[in-house]
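Should a chain be cited, it is by its letter among A, B, C and D, assigned in written order, with residues numbered from 1 in that chain.
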Amino acid sequence: MSAPSLPAFCLRLVRRQLVLAVRRPVEILNPLLFFAMVVALFPLGLGPDPKSLASFAAGTLWIIALLSNLLTSDTIFRGDYDDGSLEQLLLAPQPLYFSVLAYLGAHWLLTGVSLALISPLFALMLNLPLEALPALVASLLLGSGVMSLVGGVGAALTVGLKRGGMLISLLILPLYMPVLIFGSAAVRAAAQGFPAGPQLAILGAMFCLAIALAPLATAAGLRISIDA
Amino acid sequence: MYFHDLHSALHMDGHGAFVWAAYAITCVVLLLIVVAPLRRRRRLLREMSAEARRQRGVPTQGSEA
Amino acid sequence: MFGGLSFDICPGQLVQIEGANGAGKTSLLRILAGLSRYGFEGRVERHAPLLYLGHQPAVKAMLTPRENLAWHVAGEADFGAAAIDAALARVGLYGYEDVPSHALSAGQHRRVSLARLYLSNSPLWLLDEPFTAIDVDGVAALEERKAAHVAAGGAVVFTSHQPMRGNYNVRRLCLRRGLL
Amino acid sequence: MWTFFHKLGSPPWLYAISGSILKYLLPATLLALGVGMVWGLLFTPPDFRQGDSYRIIYIHVPAAAVALAGYYVMATAGAISLIWKMKMADIAMQCCAPIGAALTFVALVTGSIWGKPTWGTWWVWDARITSMLILLFLYLGVIALYEAYDNKAAAARACAVLSLVGTVNIPIIYKSVDWWYSLHQPASIKFTGESSIHPSMLYPLLLMIAAFYALFACALLLRMRAEILDRERRTGWVRKLLEADAV
């Protein structure tokens, strides 16, 4: 018998991650719940005036999405590090670059995509104009992909540490900033009736760059963490 | 020198406080990044020579007298 | 931790690494496996695919033994469901294939990961404390399996404090104060 | 070339050569800093628009330039330590971070102090200031990651990876912050163009930039020497050095 092909192995890894998540649905729901609760905080803090909420909505939604992504990124590798699965993955004959890509892809599907899909609901609660909804979903889809990939680097570098939770935010928040800038700008442009295409194109470019480079750094980080 | 006297140099048309404060803070930080490693090195040397002395043991004094 | 080590492991050898706690048994095994690549000076040459089983059994509580084992061997080849069930039966997990792993004991988790030994094609096995949490019958079966693998031209390196119970031809490496 | 590279990797050689370099470089640097500061503070004419507050430029711009360059030095050292497993590169990388963070801090504080008389507020979300702030975060992240690991060899490699990731990101961050600022820029705040700087102001600035680079080199070497001593304290050459020192 020969080793399975690379795509088959990666698909299998994604499927395993999804099965694991579905068996413990709280893990999928927690970031969404977090998103909903923080959305509720903003009117309480800023006042209920629909106009002022609408003017902040684009930035607010993006910051909350960023935070909920950040909170989940610590767990990407932690479970597998603790129970020894990660060692086995490192020893598998398949190149780690692609396994890592599969891991991060699964994380993106579970947090980023689900968040992007329900975000219109919360956008309406914050009085974001309807025209901006497609831009919001598209920018969150692309942006959360970048954030999952970059977050994977932070997760890989801190997975061996007992207290990684706070540290990972220090490491990756500065790297999230360009995503935030263009993501919220896309939504704001759409809300003001301008085309959001350029910003989305830049987010797409960032996504491509992250796909090419982030798994390299993540794989290196995992090898260091396993070795330490 | 551009300024006529010490007072005008300190005052700088009302901007003196800002300018001198900025220079003072900079000097302190620059001094710190130079002095900190020097102090650490001196402390290390002292530690290590103490360790070496411990390993050699207490010198036996007056054994020949 | 240790220095001046040099040895070859050839096909047909059963090697036991012994040593007190903290002597570096696990570290040595991880270096051999290629998990530790820094922090030591020297060279490890591997000419065969290897199978490494570490301290942790890598069993996911939310997956069944069948799913766990299928994932463990997924990198190697696509074994059918029948082969996986057969391997689970060999380690005494017949009838437990579909029970969620969190309902199983630590020894049974260990058995799930040891079931790989009945599937794997890798000639070189590196086993870290394989007998942990395994009962007497299990130990005997495992010893037999290792002997069979060695007889078939494979090689096994394992760490353990206890000598093997059965009468096998074992090469013993003793790590004592960093030396062999 | 290769023997030089090899020597660079040897702690005793680096310790000795850095000692003899520092003997001349450190006094020269301090002298240049002193001269530059006095020159900039007292011997240059004031800017016709900003008056005397522009004199902060002589510390702000060099600090910012060297802080940014320091990150690239750190990332380069990190890459060398990852690729060739060179212990000295490891040490250099780890020693860059606090110095770079300190210089970034200086740039931010002086920029903020400069902002008060010029713009009337202590802090402006100006593109350059914001980028410097993010640079400070990047430095602090590297330091925090290094401190979090117990195993210092692994810490150095983790920091090397992080600083390389940061290097890829710095241009992206700078460009995006720049774009973001130009989008939101309030019309009232405008920086005086520096391209038309008068030579009488330019020369002290160039001197200060050179002095800051030299200071970075000095601080880096000093830190590396201390770190080398600490890591190599059990080796023969350090023992010998101690004995020679004690006698």
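Criterion: a residue touches a chain if its C-beta (ideal position, glycine included) is under 8 Å from a C-beta of that chain, and two chains touch if they have at least 3 such contacts.
Just so it is clear, the model here is predicted, and its values are computed rather than measured.
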Chain separated most widely from subunit C, comparing mean CA positions: B
Mean-CA-position distance for subunit C and subunit B (Å): 57
Mean-CA-position distance for subunit D and subunit B (Å): 19
Centroid distance [mean C-alpha coordinates] between subunit D and subunit C, Å: 50
Multi-chain contact residues (two or more partners), subunit D: 151, 154, 157
Shared interface positions of subunit B, touching two or more other chains: none
Residues of subunit C whose C-beta touches two or more other chains: 38-39
Contacting chain pairs - touch in the sense defined above: A-C, A-D, B-D, C-D
Complex interface listing, subunit B residues touching subunit D: 1-3, 9, 12-16, 18-19, 21-23, 25-27, 29-30, 32-34, 37-38, 40-41, 44-45, 48-49, 52
Contact footprint of subunit D on subunit C as seen in their complex: 38-39
List of subunit A residues in touch with subunit D within their complex: 150, 153, 157-158, 160-161, 163-164, 167, 170-171, 173-175, 177-178, 181-182, 185, 206, 209, 213-214, 217, 220-221, 224-225, 227-228
List of subunit C residues in touch with subunit A within their complex: 33-39, 49-50, 52, 54-60, 62-63, 67, 71-72, 74-79, 121
Partner subunit C, residues of subunit A touching it in the complex: 1-4, 8-9, 12-13, 16, 19-20, 23-24, 79, 82-85, 87-94, 223, 226-227
